[in-house]
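Two complexes, one shared chain (chain A), two partners (chain B, chain C).
== the complex of A and B ==
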């Protein structure tokens, strides 16, 4: 796949073809990011619509902190 | 809401002051955030369509027959052609860049900057109506601008695709915020000026200057010939280096110490990093034009400045790392810290990669390839956007008085975006080198 940059037999269409699998990979990673953004936007809209927790338990954390004093979002 | 930071725990007067500041920020900052999230989703869709089209060029160039017939029935003649035309790569690609850069990145940064300024000046937001008006004006500009791009009216100058009248709306909106920030700063409570404030003040001063000058020299009284390219990349790189970067760093300098509850490691390093960035970043633009028909000294000095950027980057990285040292376990549970630290680490990587790409030897291979696209996503996404996500997770509960609904949604958000962006950067880098 890797060719010397000044190899005259390496045609332009060859180079374009060689990028295709990588471009497909980019689209797949883009789909992943879109999923993340949709989850985020949905969560954000929930907050705007006042579905947020107001039970005074403290911030939403991803796991339990080891000591309660450290919990500051 | 527990809100322990640099202040003494249990200091009721301070807590009350912070609550008042947060309440005053509520409407304008949420306006900036909400519009930014909207443009983020729109911009991501644009980007995905553009990306898909690079390997399947015919994708939705023709709408599916049933959709076309449906549209023909219920909408004016020519709608189908209009949609087909507006989704071509040449239009959707600048629409992606402008939607994510000016629709998402700039407003979310402004929202964070407005809130940080109020918190750090320790005064309730002055003139909230003015800030909200600037946000509305900005979004009017965005809607018109994206409409113009999709209907084929791009100026075809990268980073300045919006026509002059749209740029003027954005400039006006931005100028309002800049003037507001100066007013806030003048009326701040006496005391220490924090490093985040320097970065914000600098960014708010630099950007209108850059944007105004670039629009003047490219749209209104166009510089001719290759000088135009110099102006273009002077603006293009400075928009990243002197606008998004200081805002991202301002947020990181605030959030990391705040969440772990200890001061920044070194005041001296913060000051040093700031001035080194101000000194070196402003002449990096020329490295986009390596090999171009320009005076060699101009490009060489730009390469030198690009490599000198290693200094502020390493200084900032050391400062953040030493602040974090001993507190890495907080990453396990704090959503804010996880996003912000991911961003701060990406800043180091993106900047060091950027310095290396300015070398002529590497540039020969990577210039005009997908490698550069990988680099720009590492910078603007993995660094800047991830830090802004972290800020939103911190600020929104404080403005709304409610906590995030679900830790699972935050986890999904973090891991899809983290894996997504790492995969994208690696794939584009390898693909780019092969292409080069």
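== the complex of A and C ==
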């Protein structure tokens, strides 16, 4: 079953058959990464709207170190 | 230096480098390519596509055929492309001068289509395959493109273009499946896919 794809005696239908387990794996990983993206987008919006933390300091990304230090103290 | 300036310079460097490598250098290498005109016959290669086939190219692009099909025959050395009968010679840059954008592709979930028009020259076969890939190739993972076809009531003797479908793929009694204009254009494009001509830099081995 496992043959090199550059071996012309390995028929293309055999190659199609061999891709199937990988295609299933890619479907599962695609669903996982979609969920991850949605979770990220949700938290990103929360962060932009300053809903992220009780003290509501807003985005910490690119904030100056001293103001970040102030916020956490 | 400010962190943002460093970041910006990094972005700029990355993009300029990529632009030089992917746009500027190829432009110098291939930008001036002209069709090859056979002095004896006056024929010009690669051949121009018909208007219908050009429309079909857009259908090909819109339906993402490129995600599974390449259009490039790699050199004989160490690849099985020619041994599989996908093409008689390797593809070269000049083959694509009329393609904007070109559709070389990066994946071969399905077979290469550089010479689809030569290898599979039957119009009806393409329609039946697009409508029901598994009817032509058992176990095919190609999705059926049924929305490119119309199921309609048979009028009189029926349409001469009706697809010949069997078993589960066949429409209900009294109905027929006919190609939409998009499907016709797509198949005209597939039939136009042909690199079976000699270029000075890539001759057919018969010459």
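As a convention for this text, the second predicted complex is superposed on the first by the 48 of 73 C-alpha atoms of A that agree within 3 Å, B and C clash if a C-alpha of one lies under 4 Å from a C-alpha of the other, contacts with A are read in each partner's own complex, and residues count from 1 in each chain.
Criterion: a contact is a pair of C-beta atoms (placed from the backbone, for glycine too) under 8 Å apart; a residue touches a chain by one contact, two chains touch by 3 or more.
What you see is a predicted model; the values in this text were computed from it and never measured.
Touch criterion met: A:19 reaches chain B and chain C at once.
In the superposition on chain A, A:8 makes contact with chain C only, while chain B stays out of contact range. Annotation: chain A residues 5, 19-20, 23, 62 touch chain B in one complex and chain C in the other. Those residues of chain B whose C-beta lies close enough to touch chain A in the complex are 1-5, 30, 33-34, 37-38, 40-41, 44-45, 47-48, 51-52, 54-55, 258-259, 261, 329-330, 332-336, 338, 364-365, 370, 381, 389, 392-394, 396-397, 400-407, 409-417, 419-421, 423-424, 427-428, 430-436.
Listing the residues of chain A that touch chain C in their complex gives 5-8, 12-13, 16-17, 19-20, 23, 62.
Those residues of chain C that touch chain A in the complex are listed here as 4, 78-80, 83-84, 109-111, 137-141. On the side of chain A, the complex with chain B involves touching residues 1-2, 5, 15, 18-44, 46-48, 50-54, 57-66, 69-73.
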